[in-house]
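In what follows, chain A forms one complex with chain B and a second complex with chain C.
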Partner chain A sequence: MAHRLRQTVEHIGVPRLMIAGFLVIIFVIAYLTDMSVPQLITDSLVRVGMNGILVLAMVPTISCGVGLNFGLPLGVLSGLVGALISMEMGLAGFAGLLAAIAFAVPIAVVVGYLYALLLESVKGQEMMVGTYVGFSTVAVMCVFWLMAPFKNPELIWAIGGKGLRFTLTLGNHFGKVLNNFAVFQLFGVKISAGLMGFFLLFCLLIYLFYRTKVGIAMLAAGANPVFARSAGIEVRRMKAVGVVLSTVLAAIGIIVYAQSYGFLQLYMAPLMMAFPAVAAILIGGASLQRATIFNVIIGTVLFQTLLTTALPVTSRVIQGDISEVARLIISNGMILYALTRSTGGK
Partner chain B sequence: MTQSSEPKTVESGRNVSLDIRHIILTNGVPILFLALSITMALVAGLNFTFLLNEVITRLARNSLLVLSLLIPVTAGMGLNFGIVIGAMAGQASVIAVTYWGITGVRGFLLACLLSTPLAAITGWLAGLVLNRAKGREMITSMILGFFANGIYQLIFLFLVGPIIPLKSAAMLLPQGIGVRNTVDLINIAQSLDKIWRPVIGGVRIPVVTLLISFGMCVIIAFLMKTKMGQNLRAVGQDMNIAEVMGIKVDKTRIIAMILSTVIAGWGQLIFLQNIGTLNTYNSHEQVGMFSIAALLVGGASTRRATIFQAVAGVILFHTLFVVSPLAGQRLFGVPQIGEYFRVFVAYGIIAVALALHAWQGRQVRREAIREAMLTE
Partner chain C sequence: MERARRVLEMKGITKQYFGNTVLNDVSIDLCPGEIHALVGENGAGKSTLMNILFGMPVIHSTGGFSGEILIDGEKVELLSPAAAMQAGIGMVHQEFMLLPGFTITENIKLNREPTRKNALSKLLRSEFLDYLDIPTMRKDARTALDRLDLSIDEWLPVAGLPVGYMQFIEIAREVDKKEVRILVFDEPTAVLTETEADRLLGSLRRLAADGIAILFITHRLDEVMAVADRITVLRDGETVAMLNRDEAVVERIAELMVGRKVEKVELPPRDTDPSDKDIALTINDLLVDMPGEMVRGLSLSVRRGEILGIGGLAGHGKLGIANGIMGLYSAAGRVSKNGDNIPLNAPDQVLLKGLAFVSEDRRGVGLLLNEPIDRNIGVTAMQAQHKFLRPWPHFLPALRLENRGELRAYAEEMIRKLDIRCLGPNQPVRSLSGGNQQKVCVAKALALEPEILFVSEPTRGIDVGAKRLVLDLLVRLNREHNVTIIMTSSELGELRKICDRVAIVYRGRLAGILPPDASDAEFGLMMAGRVRKEAI
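After this line comes the complex of A and B, so read on.
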């Protein structure tokens, strides 16, 4: 009995059990203090759909052997440029959203390919180099936002007529188009079929991708490069495909994030974007070498629910906003756990 | 035996090419930044005395923090992004000293005394964590810094007040829990700098602070000559060989982290006494990045860093820091461009240095494999 219990615990994983337990406590407190539990779940679901694709972007780099993609801001920046072009053209609604994605994807492919070339030459230090390449690109793009030739008065500073604003409102563009699409109620919980469907659609697409020949080759290249090479798989090419795919997902992910948030945040906002996504997939049970769609869904649900519910619930018990602190400790603690535990890697 | 001639030529050939690359790598970066600084200073049309004043102040303010990075580099642990943990220890001590109202040099010294055990313990813990992440020390130390920042915020935003007794309306947030975002360090402000600060040719020189930094340079140089220094270097060269030689690798690495964290704590105290105010939740955040960028600008790599590079790096990096917003203002009429350029320089130099290091490491390994195949 004890043995089976330990097996179950090991199977689910201690971090997941701890966070799930924590969530149960939070929901019990919420129920006891007469908070609306359905409302909490509604908010959490929105956050899951909002962040899901950014977390999904971690899967290709992990499975192709590059590790956690700390260079996620590169994809995010590509997505922002795509969104800006769509907004500059004055597109609205679904047309605006699809146009943003359509503009962002080719940019992300090019950026991702260049990033893959760089990572190939710094094998073993991909995570550290990725982090700082991401950081420095964010800083370069800050100069770009100031100089960029956008003319739409909604986008640029009212005074001076030059340079993009820090935060752009998406209300007149594609703000909340997915969130407000096909919303239905279930036990008092509002579910946006548009937002959740979009996230799950991408999960399905990635799942199917790993059933294709290229996908299987990529998994082999990540799991055992020497063996893969002897089986005639071009490991280098597979890694490039993984990095490009991750960058494209990040670009789409930030567009979905922005439409859900209602604002497009420029300048230093994308700087730390990689860390919550990294933490979420690790909480979901991924390691530096292995990640599945299941890890993405579980991790995003646990992490985002925790972040969403922690603030309103704990503020009933503790003064001040402890959720930001909890986010820092939990997400970085999770990353540390993964970095110190996994074997192998250079 | 007959085959041995061939690998030797390969080796000497590699050494020559490595030497050239080495010279470019160790001196190219500082030369580039020197040129950049001079150009920007000319563009900005800065008063030379003003610039010299700024740079001397910043040299006194930042040297110790940058010096704290040297020991882990020698021990092969790369750039220690975890010095922010030392900075936090320094800040915790300075908050205590301010609360007790101890002023002047006495207050400063007491803060140093308090910060030492705090930094030593946290440095020891950091060392334990990094020993479990060999080969990934840099990313781990960076995440460790973020994690420690969470713990720091937990302590100073939520535990100070209800659990840690600190009863000062001036220092606490209005609701009585948590330390205010800014703490005025009037009690120890400039305590070290103003002991003796002669003005020579319009330039104010904080002699004592500079002497302390110089003293630290001497101590580190001396440490490297001792048995401890040899052990650190041996571990940095190759952990396996060091282990075979009978050096306790894990222990040595932990000592390197403790020393680095303790020096960083003192460094942050020097930094704060110069600035005069503590941004409770921000002062430490950028310390790791700016110190590392400065060291790299001085021509250091993730595997090799000297005292000279640290000092030269501080001077160059901070010259650029002073002139770039002004140059941005002059060139584009937008000061923010210079501001962002400055941020880009800090991040970019780290990215380039890390990439070069990783690339170089691969070249060396590739040569080693080729050599091994040839000898077979």
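After this line comes the complex of A and C, so read on.
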């Protein structure tokens, strides 16, 4: 019995049990202080569905041997451009969402491929270089947002009529189309089948991808490049496929994120986009060499639930407005903790 | 030379790693001014013996050793490298331990610099703040370099010097240590060109003439003959001979190094014996750029259905052949199978041509250690030949799903046939024993259904019982499935046990082909490169 228990603990991992335990405590405190627990769960689920695909984007780069994709903003920017084109055309609802994805994916493929070429030449330091590629591209795109030839008055500054606004409202476009699709209630918890289903659909697709010939080749190339070469696998090409796939997922991820948030944020907003995703997958138990769909789901649920619930509960307990400070401490503290667990956190 | 006094004696040294005896009652001694060569193949126990002499932590953390070490006739306990240095033992490493940005002088004197007091260091009574005495340092360095007959400026930075010079600076550092009376050279010529090696041998003689006792580890026999006063031959952790200069000849040493009692086993007969009339694989003028195992223009014909052994001393290129043909290292030359040209440097195409390879580096190249047995067995065949995949979509094989059922069934069949001891096809290969991992590697190659199978060092690092099983398996594959096998091994004994012919490689070329029942002396001669015999 004790042995079985230890095995279970080892399988799930101590860090995850600790965070889960902490979450339970938070929910108990919330219940004791008369907060609405179902509401907290509802909010957490929305955050999970909103961020899930961005976390999923970490899986291909880890498994092809490039490591965590700190260059995630590249995919995010591709997604934003796709969304803007869809909005410029005045598409609304599901058509708007699908058009945004359809425009974003080819851009992400090209951007991802160029990014892969760059990473190829800095082998061994992909994560550090990726971070700075992300940062500098965000800055370059700030110029693009100002110069881009968008004409739709909803998108551009009201005065002067040139350049995109900081924050664009999606209400008239594809805002919340997934969130509001097939919503049902369970024990007072509102669940959006549209949002969760979309996330789980992508999880399933990626799971299936890793059971195809090319997916298995990518796993082998990441786990042991010499082995892969001896099996006739072109390691460089597999890395490129992994990076492109990750960039595409990031592009789709930001579109889902934006529709759930209701706003499209331009300029410096994508700058730090990689960090919460990195933190989530590491908390989920992935290492720099190995990540599974299970890591994605468990990591996103733990990280986002903690972020969503810890804040209202602490401000309720402390009785004062420390929200911004607390938010920074909690979210960055968790990212820091996750980075120290980059070996899989057993 | 006085033979009466011994500066170093190692007596009855026995060392076990995890119940595996790697050194058994080995004794060696050194007189002042003597060059004593220690020769033996890879794995003969040379490095373990040196690790013991230097009190390396790896020895003491694995249970220590038995036997005793005497310096100047007194028993010493060398529990750490520092203690060994204090006892006057110096070591010249195979890899250079030099700081590239520092000058030659600084490298030689590092952490042993002569110093001068200054006001601050006097005030604080701290040696850390003393000035370095640069002129004395340079003088000392100059003296050390002169003893090696090296005229290079002692104030040059090490970065950018030719490799040969770095080796000499390494030696100069040891020579500069006043207390050094015993110097160990661990394959110092491995990275040197021939002229550099000659100079090094000259320095060895000069140092010996100064009264330093030298222990010279190498497997280049001509160097041994050139400088050694006495020669100790190690094989399988035992001293097989101690020869004086006058009684040693290269052939005899080579024979002692590799000779093993060949237990003659009756191999199952064939219907038709392989012959030169039916050639399966022709290798013409093969060049392979594999570091440490360069192949420099090798030509060889492999008969269909035979087991061809490839032997030779380490570093002469026997391992490069299979690695080059399979595309793992860049290669040039012409290789053809049944008259069909095999493209080089293209691993995927070689696998399609019916060639397969069991690598000598089982854990590094052969396996995905964290993946389960079935995936390890199937992944090469899946990638190279589209096996174990579902049929749909036809037009895009890359997106076909893996057929888990088929793969699992195949893995289970292999586990049964090759007797892989495991918990099931799901077990990660990391947790298997060496012998069972090797069987997984063989199963992986068999999944490709090869006509020609390269096997390199199939028994390296696995225990005696498992060695037999692996060899029996190769014979069975050859006889029952008619696979032509090209087996490369450092263990001549096992080549002679199961091969039809044994090709010996010397300096990257074919030295000759011998029948397995040729005498030890013939093998020894050929491995030492003394004759070129026509293929039989």
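The criterion applied here is as follows: the second predicted complex is superposed on the first by the 310 of 346 C-alpha atoms of A that agree within 3 Å, B and C clash if a C-alpha of one lies under 4 Å from a C-alpha of the other, contacts with A are read in each partner's own complex, and residues count from 1 in each chain.
Criterion: a contact is a pair of C-beta atoms (placed from the backbone, for glycine too) under 8 Å apart; a residue touches a chain by one contact, two chains touch by 3 or more.
These numbers were taken from a predicted model, which means no experiment stands behind them.
In the superposed pair of complexes, A:A231 makes contact with chain C only, with no contact to chain B. With both structures placed on the common chain, the touch criterion links A:V81 to neither chain B nor chain C. Looking at the shared chain after the overlay, A:L245 reaches neither chain B nor chain C.
When the two structures are aligned on the shared chain, A:A116 is found in touch with neither chain B nor chain C. Of the two partner chains placed by superposition, A:A30 touches none, neither chain B nor chain C. For chain A, the partner with contacts to more residues, out of chain B and chain C, is B.
Touch criterion met: A:A220 reaches chain C, while chain B stays clear of it. Of the two partner chains placed around the shared chain by superposition, chain B is the only one that A:L339 touches, whereas chain C remains out of contact. Residues 70, 118, 121-125, 127-129, 131-133, 135-136, 138-140, 142-143, 146-147, 163, 275, 318-320, 322, 324-329, 332-333, 335-336, 339-341, 345-346 of chain A are the ones that touch chain B when the two sit in their complex. Listed in rising order, the residues of chain C touching chain A in the complex are 326-328, 347-352, 357, 359, 361, 364-371, 375, 379-380, 382-384, 386, 389, 397-402, 404. In the complex of the two chains, the chain A residues touching chain C come out as 208, 211-214, 216-217, 219-220, 223-224, 226-227, 229-234, 290.
Put simply, chain B touches chain A in their complex at residues 129, 132-133, 135-136, 138-140, 142-144, 146-147, 149-151, 153-154, 157-158, 175, 177-178, 332, 334, 336-337, 340-341, 343-344, 347-348, 350-351, 354-355, 357-359, 361-362.
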